[in-house]
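One structure coming up, written as C-alpha cells, with questions to follow.
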Amino acid sequence: MSLDTFNKECDTPNQAIDGAWLSARGLFCERDERILFSNLNFDFFPGDIVRIAGPNGAGKSSLMRILLGLSAGFDGALFWHGQDMNKSLYDFRSQLLYLGHQVGVKGGLTPEENLAWFNPKASQTQIFTALKKVGLAGFEDLLTHGLSAGQQRRVALARLFLCDKPLWILDEPFTAIDKEGVAELEQVVINHAQNGGLVILTTHHELNVPVKTVMLGTQESEMPLC
Amino acid sequence: MSLDTFNKECDTPNQAIDGAWLSARGLFCERDERILFSNLNFDFFPGDIVRIAGPNGAGKSSLMRILLGLSAGFDGALFWHGQDMNKSLYDFRSQLLYLGHQVGVKGGLTPEENLAWFNPKASQTQIFTALKKVGLAGFEDLLTHGLSAGQQRRVALARLFLCDKPLWILDEPFTAIDKEGVAELEQVVINHAQNGGLVILTTHHELNVPVKTVMLGTQESEMPLC
Amino acid sequence: MLMALLKRDLLLAFRARGDLLNPLMFFMIVTSLFPLAVSPDPKLLGVIAAGVIWVGALLATLLSLDLMFKNDYEDGSLEQMLLMPQPVMLMVLVKVLVHWLVAGLPLALIAPLLGLMLGLPNGGFQPLVISLLLATPILSLLGSIGAGLTVGLRKGGMLMPLLILPLYIPVLIFASSSVLAGVQGSSYTGHLAFLGAYLALTLVIAPVATAGALRISLAR
Amino acid sequence: MLMALLKRDLLLAFRARGDLLNPLMFFMIVTSLFPLAVSPDPKLLGVIAAGVIWVGALLATLLSLDLMFKNDYEDGSLEQMLLMPQPVMLMVLVKVLVHWLVAGLPLALIAPLLGLMLGLPNGGFQPLVISLLLATPILSLLGSIGAGLTVGLRKGGMLMPLLILPLYIPVLIFASSSVLAGVQGSSYTGHLAFLGAYLALTLVIAPVATAGALRISLAR
Amino acid sequence: MWTRLKRLYHKMGSPKWFYEITSQWSPWILLVGSALMLTGIVWGLAFAPADYLQGNSFRIIYIHVPASLLSQSAYLFMAVAGLVGLVWKMKMSFVVAKVIAPIGASLAIMSLLTGAIWGKPTWGTWWVWDARLTSMLILLFLYFGVIAIYNAIENDEMANKAAAILSIVGSINIPVIKYSVEWWNTLHQPATITLTKKPTMAPEMFIPLILTILAFYCWFAVWVFARTRNEILFKERKTNWVKKLLNNDKGAQL
C-alpha cells in the first residue's frame, strides 16, 4: 500500500475499520510551525508489517511517540481494537513492546538482569536462550556498559525473543547492528507478523521484507544532501 | 586489500613504510580478558579509503580510539608520517577531523553557532553553504536539540564540507542518515580521497565505494544472531 | 512488575555500593564544616547543632535526588516504565521507597554520631533520630516532584533546589524545633505529630504530582 | 580557538539565562535556611553569619561544578576538544574562567545583602566581599579537578563533594576568619594574603591536574 | 444552564474572544483603579494624621500592605489558573498563569523592599526573622521556582504544564508554610517586634488603605490583561484575525 491509500479521504471518518488493531483518523502534527503531517488516516491489521518511511526530520519518531501516547502535541483520533485509545490505554499497553532510539538497557546490570526486569516472569533458561539467540552467549555476566554499541542494542533486541506481546513498535531497531544481524532480525519480524502479530517500524536500511509503507514528508520537507 | 595483507608479518617491524601517513606495528588490545586484536600491522596512504570492518563487539571503535590517542589500553607502535606518534601528536591533531558515536553537537546552540565554534575561521557564507549542502537550509536558526536524530547528525557532518583537514576518522558516520543522504555522503568521501585525503571509517552499511578493509574479530568473536 | 522494579533498583543501588555512602559522607563533611567556619566554641556549637545537622540532612537528600529518575531517563527505561500497563503513581512510590532506603534512612542512623561531635545536649538525641525517621520520607516524596519536573533538562542539577527547598521549610522548622524542645526538656510530641500529618499529606499529593510531572517531562 | 571556546561557552550560558541565576538563588535559599533551623535571634545570627554565608557560597559553587564538563562530555564535544591541536590546560583555564564568571562572581556581589539579612556586624562586610572575590576563583580551580575526575561517571553528582570539600577547607578557614577579624575590628590582611597565595598556587596546579584528569576520564 | 456554561467555557478558551473582551474592559478597570488610588493616596498622604509613634514614615503603608496582600493572592490566582488549564485543557488559562508569575514576584519584591525601608526607621534594622517577613521571603522563593521552570523548559506547552503542577503543589503548601513559620517564631522567642495590629488603626488611616488595596487589585487586573494580550498576539501572530488587527492598527497610524 502506498501513501495515497493512507492519506486519502477516509470512508469512515470517525471510527475504525472492523478488525483493525491500530487506527488513526485525521492525525495532524506541527513542530516549530512546520506541519509534519496532516489528515493522516490508517488502519493496521494483525499480520501487517508497517514501515514508517521518510527522510530525516520527516516526523517518523514523532508519529511513533504519538501512537504510544507519549506525546501530547497533536490533533486527531487514535483507536485500538476499534475503541478510543484513551479508553483502552491499559489494554494497549499490556500488548505493546516498544524499542526507541534509547533502548532502556541499564549499564549497571548484566544482560541477564536487564532481561529479568523487563520480563519478571521469564525463567533463567528462557533468558539464556534469548541472549544466545542475539549472539551474547558468554556475555551474560558482564556489566552491560562494558559492551560495544551494537552489543548493547542486542541486549534490548533479545526482548523480541522473550515476550509474547502482539504489537511491536520499533524505532530504527537496526542501528549499530552488523549485516548478518540485520538479516536475521528481518526474519524475526517476518515470523512475528506471520504468527498474527503487528509490527510497526522505521529504518533507513533497505528492507528485504514485504511491507506496507506510510510515507511522511515527501513534499516540502525533503532534504537532499549536498 | 584484505585482512591478510595487514595482519601478516611485517617487513619493517619497527618503522613505517615511506610515504605512509598513518602506520601501526604490532598493535595489541585486550578487553575484559578477551583479545580484540593482536599483532595488527598496517600502513595507510593518502588517497586511501579504509574501512575497519567486523561484527558487533569486534573492536572497531576501540581501534579508532587507540589511533586517536584517546585510549591507553594497548601495546604496539603508531606512526604519523613515519614519525613516532607521540612525537608528532601536535601535527597529527592539527590534520585530523574525527566524528565518533557522539558527535559533539551542542543542543543549546543553533546549527550555525555549532559550526562556527568548530571552525572559528570560517565565514558565515561558508557555514551557510555547508549547512545547505547537508540539507539543513532553513534550520540554521533553530536550536539543535529540537531537530530530529538524523538532522542532528547532519549538523556534525556539515563539518566535512567546511574543513580542510586531510585525515578523516569517522565512526559510523551513516547512523540515522536516510538513504539518499548515505549515497551522497559516500560521494563526499570518495572526493576527499581523490583529492589526496585519507579516510578511515566504520559502518555496517553496504558501501558502494572501493575501499581497503581492516577486518577485525572474524574468528572467535563472531556473533551470529539467532 | 512493581516487585521487579524494586528488586532492580535495589540491585543497582547495591552494585554501586560505593555510591551508597556518598550522601552519608556529604552529610558528615558538611556538618563538620561548621566548627571550622563558625567557631570551635563547644557552647556555641551545642546551640546551633540541631539546626546544622538538619540543614545538612536536607542538603544531602537534595543532592541525591538527582539520581532518582535521571539515569532511567537517559537510558530510556523511564519511557519503558511509563508504557507499562500499571499506574505510574505506584512506580513513583517504589522509586521513592528506594530513594529513602538508600539516602534517607542512613542519615537518621548516623545523625547521633554527628550530634555527639557537635556537642548536642543530651535531650536532643531522641527527637533528632525520631524526627529524621519521620521527616526523611517527606523529603524523598516532595523531592520526587522536583526530580520529575527537571528530569528532561540537561541542567537539572541547580534547578531542583530552587523548586524544592521552599517546600522543605516546614519540615526543617518542625524537625529542628522538636530537637530544640528536647534539649530544653519540654515535650516535642506536638512537633512530631505535625511531621506525621505532613507526611500523610505529601504521601497523597506527591505521587500524583510526580506522575504528572514525569508525563510532561517525557512529552517534551 | 580559545577565544571561540570562550565565546561559545558564554553564549551557552547566556542562552540558559534562567540558569545563570540558579547558583545565586541556591546561595540565598540555603543561607536563609539557617535562621529557620537554628534560631531567629539576631544576636546569635550575627555571630554565625560569616560562617553560614561562607558555607553557603561553598556549597553553591560545588553544585554548579557539575556543569563544568558534564554536558560537553555527554554530547562528545569534550572528546573533540581533547583532540584539538592545543594544550588542554589552556582549554581548562577558559572553562574555569567561564565557571567563575557565571557561578563565582555573582556570589561575591550578592553576599552583602545576605550579610544584612543575617545581621552581620558592620566591620564584616568589607572582608566578606574581598575574601569572596579572592577565594571563589580558588573554588572554581580546585573544583575543576574534581569535575574532571568524575566526568565519566554517571553518578558523579555525589562523588564530587567528597573529593573537593576537603580541599576547600583551608579556603573556608581563612576566609571566614578574615570576616571574623573584620567584625572584631582587627586586621585581616594576613588572611587575605594567604588566600592570594593559595590562589596563585592553585592557578599553577589545577589546570595541569584537570587536564590529566580529563585524559584519564576519557580513556576509561 | 449547562449549555450556557459550556458556551462560556469555549468562549473563554478562545484567545480572540479574550483579547477583545479585555480590550474593552481594561480602560474602565484602569479608570476605576486610578480613581480609587488617587482618592486613597491623597486622603492618606495629605489628610490622614501622622502616626503618633512612627510619624510620617507610616505612610509607606499605602504601597506596602496592598503589595503584600496582592502578591499572596496572585500566587493563588496563578495556581488556580494552572489547575484550570490542566484539568479543562483551557489554553488561555495557562497564558494567564504564565503572565502572573513575574507580576506576583515583583509585587513580593515590592513588599519586601517597602517593608525593609519602613523597618529601618521604625525598628532600626532592615530585616528581622519575623514570621510575616520570613513567609513573604519564602513566597518570593516559590515564585522564583515557578519562573525558573518557565525559563528552563523550551517547549511552551510543557513549560506551562510543569509550572502549573509546581504552583499547585506550592499553593497546597503555602498554608503549611505560613502556619509553621508563625508557630516557629512564637516558639523560639517572644517576638520582640511585632507589626502593628490591624484594628488598632484609626479609620482615617484605614479607609484610604482599603481604597488603595482595591486600586491595586484593579491595576493588577489591567496589568495581567495587558501582558496576556501581548502573549496572545505573539502566539497567534500567524492567524488571520491578528494579521487583520495589526494591519488595521497600521492603517490607523498612517
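Letters A, B, C, D and E name the chains as they come in the text, with residue numbers starting at 1 for each one.
By definition in this document, a contact is a pair of C-beta atoms (placed from the backbone, for glycine too) under 8 Å apart; a residue touches a chain by one contact, two chains touch by 3 or more.
None of these values were measured; they are calculated from a predicted model.
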For this session: Just grab the chain with the largest centre-to-centre distance to chain C, centres being mean Cα coordinates.
Result: B
For this session: Give the chain pair, either A-C or D-E, that is connected by more C-beta contacts.
Result: A-C
Exercise. Measuring between mean CA coordinates, which chain is farthest from chain E?
Worked result: B
For this session: Measure off the straight-line distance from the CA centroid of chain B to the CA centroid of chain E, and report it in whole Å.
Result: 58
Seminar exercise, completed: Between the Cα centroids of chain A and chain C the separation in whole angstrom comes to 38
Exercise. Quick one: chain A and chain D, Cα centre-to-centre, how many Å?
Worked result: 46
For this session: Determine the centre-to-centre distance between chain C and chain E, using the mean Cα coordinates as centres, and give it in whole Å.
Result: 33
Problem set entry | Multi-partner residues of chain B (at least 2 other chains) | 101, 107-108, 143, 146
Problem set entry | Overlap residues in chain E, where contacts from two or more other chains coincide | 141, 144, 148, 152, 154, 181, 184, 188
For this session: Give the residues of chain D that touch two or more other chains, as numbers and ranges in rising order.
Result: 16, 19, 22, 25, 29, 36, 39, 71, 74, 154
Seminar exercise, completed: Interface with chain D, chain E side, in the complex: residues 125-130, 134, 137, 141, 144, 147-148, 150-152, 181, 184-185, 188-189
Exercise. Which residues of chain B touch chain D in their complex?
Worked result: 68, 70-73, 90-91, 93-94, 96, 98, 100-109, 113, 116-118, 120, 143
For this session: Flag every residue of chain D that touches chain B in the complex, lowest number first.
Result: 1, 3-5, 7-8, 11-12, 15-16, 71, 74-77, 79-80, 82-85, 218-219
For this session: Please name which positions on chain E make contact with chain C in the complex.
Result: 86, 138, 141-142, 144-145, 148-149, 152-155, 158, 161-162, 165-166, 168-170, 172-173, 176-177, 179-181, 183-184, 187-188
Exercise. In the complex formed with chain A, which residues of chain B make contact?
Worked result: 31-32, 54-59, 61, 101, 133-136, 142, 146-151, 154, 172, 175-182, 184-185, 187-188, 204-206, 223-226
